[in-house]
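Each chain gets a letter, A, B, C and D, in the order it is written, and its residues are counted from 1.
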Amino acid sequence: MKNPYFPIPMRVKRTSVETTDQMLRTIELSFLNEEDKRAFHFIPGQFCELSVLGKGEAPFGIASSPTENGSLKFTINKAGVVTTALHHIEEGAEVGLRGPLGNGYPITLFEGKNILVIGGGFAFTTLRSLIAFFLQPQNRNKVKDITVIYGARMPGLLLYKEELKEWEKRDDIKLVVTVDWGDKDWNGKVGLVPNVLEEVAPSSENTYAVICGPPIMIKFTFPKLMALQFPNERIYTSLEKRMKCGIGKCGRCNIGHLYVCKDGPVFSYDQLEKLPKDY
Amino acid sequence: MTDQWEPKILAFLCNWCSYAGADLAGTARIQYPPNIRVIRVPCSGRINPLFILKALQNGIDGVLVSGCHPGDCHYISGNYIGRRKSATLKRFLEYLGIEEGRVQFSWVSAAEGVKFSQVVHEVVQDIKKLGPAKRLVKRSLEFGVRSSEIKNRDSEL
Amino acid sequence: MTLKLDKKDLKAFLETLMEEYDLFAPVKLAEGVSIYKKIDSPDEVDLSTENPQKPAKEVFFPQSETMFRYEKAGKRYQMTSTEGVERERVILGARPCDIQAFSLMDDVFLGKEYKDVYYGNKRKATTIIGLACPHPLSTCFCSSAGGGPFLRKGSDLFLIDLGEMFIVELLTEKGMAFQKNKFFREANTKEISLAKGIEEKASTKADASVPIGGIDRRSDLMMENPFWDRMHEKCIGCGVCTFLCPTCHCFDIVDEAITDKGQRVRNWDSCLFPLYSQETSGHNPRPTGRERTRQRLMHKFNYFPKNFGRVACVGCGRCILYCPVNFDIRQAIKLTSPKEIKKVKDEVDLTRQ
Amino acid sequence: MIQEKIREKARELLSNKTVDLIIGFGEGSLPLRTTPRFIRDPEKVNRLIWNSFCENNLATYLHKFSKLKVGIVVKGCDARSITALSLEKRFKPDQLFLMGVPCQRMVDRRKVGRAVKGEILQAREENDLIHVKGDGFEIALEREDFLYPSCQACMHRNPIHVNVTLGDPVEESPLIESYHEAKRFEQMSPEERWNFFERETSRCIRCYACREACPMCYCTECFVDSSNPKWIEKGLSPSDIQFYHIVRAYHQTGRCSGCGACERACPMEIRLTYLTQKLNRDVKELFNYETGIEPDIPPPLSTYEIEDKQDFIK
């Protein structure tokens, strides 16, 4: 029997601060064992449990795309004990990893369809994985139009700024970046995500929407999607809950009879409608 | 074994009096045993009983809390408040069975380098008599091993 | 196969057992308080006590269990898993309710996708010697929960106390391995019929009237019911019912470390503790006792049946006996009848401000 | 009869909207037990009862209903807890209506259970007798032989600082010496005391029933739950368990009314009141303070006297 609680060793290859408030840091991990690397297959939307031994373990969505071979990226918000330790970790240090866990985005369902990606704040991590996956040349024709609406409170709080610039230059993706409050150097859009969505008004025809962000954004964006006539079963979101084991045993992340770690974290609104509002 | 054993003692010294007193002992070259490790705190009233318990749990052999003399507190009444906590905590720990003398208290002013040295001498002597701390001490990492398999939890210590 | 074991031979039997196995059995810790514990000397074993406070699940799923140890060596960590079980084990004297609970725990820990090795290894290495329950208490409702005081399912061997001796039934292959045990002798028909009589009497005593059947469907519509506004009121949010429940299996994983050495440990956790679902951001999806009580009961009677086809309650009655405020799970179950729910709802509506 | 008076008062308070909620005792589901009852409807006050099994300290529920105006049935000890909580500014003025009941001392259900062979299926209280009935036995026990030790030593059975007293005052006549347990333990050697503490706490399952049953344990984050700093681990290491019990008790210094709710709540029957009793005794001796008696004197550890004893300080 394989021990699902036993982490594999990873090396911290690179770490970089993402945002001006220093609260978000991306760490890039490489496999220390070749066999672990070969056995590791994931799809966008899945997550891993990262261990800093002595501090504990916490779940993080994988921010890199499966197409970016060789290493994994995680963007970490400094909040508690483990995340603080991950913020202070040095390049070259060893961390533990368990995963990939969870279901991930329904990539096969998206094939042949348009996708609309709506992200807010630091919830953009697994969305970045999804976008990067489909922007990969061999995957690009799997889906039709890719529309991305990404918002943050301030320009400094946007993730993956360099990458956003590159995406902006491409013509096979429509990227709308918005901030709640601009600054003197900001010449992009200013406005809340739900309003920008209304403005952009992508067609819901043959389109799947993937939305990820703070609860307040989701709350106000959802009615706009309804207005654009997205049916519930074509809206997907990724949920967060306190997790420990990541494999549906320890109990705490359930919503009704489903476990966010094992049956999620990605759920369609259709599914969520039928579940208790226990999140 | 006991010949070589030297107690480790943690001293919480208030910034304004006892720490300065210890400093004075140092600059005046008044000798005292090297068994104490000092943690400087703003005031003896700042001592949370959790600090003392945590030190004992981590295997410290004795704790000394030292602050300003009554009436000298930099914060007017911090040492008075601390005194009440100390009195009740000391009695309570002894009642539980922690040996008398493991946790000690003193007033040492910034001018009392000699007294500081004396206090440390006395505390070290007392604790040497008591021997290494056993009660409440957490054994390094063999703890909590499959609770149901621990043969006799009492004999752990 | 029906054998017997004289009680005067019990000690010697246990001694031989302990040569081959790690033995776990009820041990009295204080007047009226006992737990299942690893036995060092046969004298510790106390089969005369009531069902121990702490259920036998602890043999497979200890309250606090090291998962692996680690030590820092240069830049790398040396990690050693503690999943292995060194010796075969025997649980002696587990009651049918606790044994029934093992099969529910199997559903969770040995499920399809992920297998919990810590639980699984111990489970596999264990022979279960069940003990019949001749005097079910008034709080016992195993017969309502698909079990019974003499339920043999799950036991490898099964003991029935006849006073001077135990009737020993060998039920499985693991049990048959004891066939040639020198302390077991053939039971005569008189003894067998005596045991039968005790069984019949006991079976009538365990409460079979608690309406558990169909509760998963009944409770389907209860999520947002004001029922919970009332249900949680008296619950003080301690962990007694969940820790002493033979089917509750939630746990927390933490690291314990001193400088460069440490271990990852899992400890029992309870859905009734606020911290259980509290997220780092401060957001708690189950912010009050209302949601937490609901989680406890719905997990047992709705979510678990949805996932595994049966309720996660074996009717041992521990949560009723030991609750500091007399929260009675039987009453909660009875209140799930549509008529009762309506009554509660009306009452809540009437007094809601 | 007290029970009638409680119901009457509860009906009145709910009818004239003095309170939104009445917290009292109701019929338990087991013999020798009652259960906390929450009444909002004046028509339902008949669910309230009063007998010698009303062992819970209902004050612990006040934190749960902090937004409501609450009428609460209190014994002497419960009332003292509430006074202590008021000193800590837990309630708004006039938020509470205390229905004090002079206490006849509560009966230790476990002790009764152990006095008979077999399970008690029915119990009934009549004057000074408790009639218990089970499979094959039926006997009457003297109530006075089965009281909780904390009740035997109680000096404040008449609730004070209450809005109304229901029933006649009782004579404050402890059956045993105050602080009897603390005094007994003080006579032992440190080894004996430590061994006792170690043995008792070794049974702890860390369910925190002692904490939750206590009205004074209302910290938003208990030190046990703090992850940063992490004071103790949550496993079963004896040292961690001892640490927990020391701090849980010590945090009650000058705040404990000695009601014994912690000990009653413990499913593993760990002796806990001998700890708080010592703290109460010390607070009385050192600072001449008793919890919940004076509504205006601050708790002893939040204040000081210049003349406080300091012979223990070098």
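Heads up, the rule we're going with is that a residue touches a chain if its C-beta (ideal position, glycine included) is under 8 Å from a C-beta of that chain, and two chains touch if they have at least 3 such contacts.
Note that the structure is predicted; figures quoted are calculated from it, not measured.
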Which chain has its C-alpha centroid farthest away from the centroid of chain D?
A
Give me the ID of the chain with the smallest distance between its Cα centroid and the all-protein Cα centroid.
C
Please report how many Å separate the Cα centroid of chain B from that of chain C, as a whole number.
45
Quick one: chain A and chain C, Cα centre-to-centre, how many Å?
39
Quick one: report the Å distance separating chain B from chain D, using the average Cα coordinate of each chain.
34
Could you put a whole-Å number on the gap between the CA centroids of chain A and chain D?
50
Overlap residues in chain A, where contacts from two or more other chains coincide:
80
Touching two or more other chains - residue numbers and ranges from chain D
202, 233, 235-237
In chain B, residues with contacts to at least two other chains
143-144, 147, 150
Hey, which residues of chain C end up touching chain A in the complex?
67-68, 70, 72, 75-77, 79, 81, 83, 108-109, 111, 113-118, 120-121, 223-224, 249-255, 257, 262, 264, 266, 269, 271, 276-281, 285-286, 291, 295, 298-299, 302-304, 306-307
Touch list for chain A against partner chain D, complex:
80-81
Touching chain C in the complex: which residues of chain D?
20, 28-30, 33-38, 40-41, 44, 56, 60-61, 64, 110, 113-114, 118-119, 121, 202-203, 205-209, 211-213, 225, 233-237, 261, 264-265, 267-269
The chain C residues in contact with chain D across the complex are 29-33, 35, 53-54, 63-64, 135, 137-139, 230, 233-234, 236-240, 242-244, 252, 254, 256, 265, 267, 270, 273, 275, 289, 320-322, 324-328, 330-331, 347, 350-351, 353
Residues of chain D defined as touching chain B within the complex
182, 185-186, 190-199, 202, 223, 231-233, 235-240, 242-243, 246-247, 249-250, 253-254, 275, 278-279, 282-283, 286-287, 300-306, 308-310, 312-314
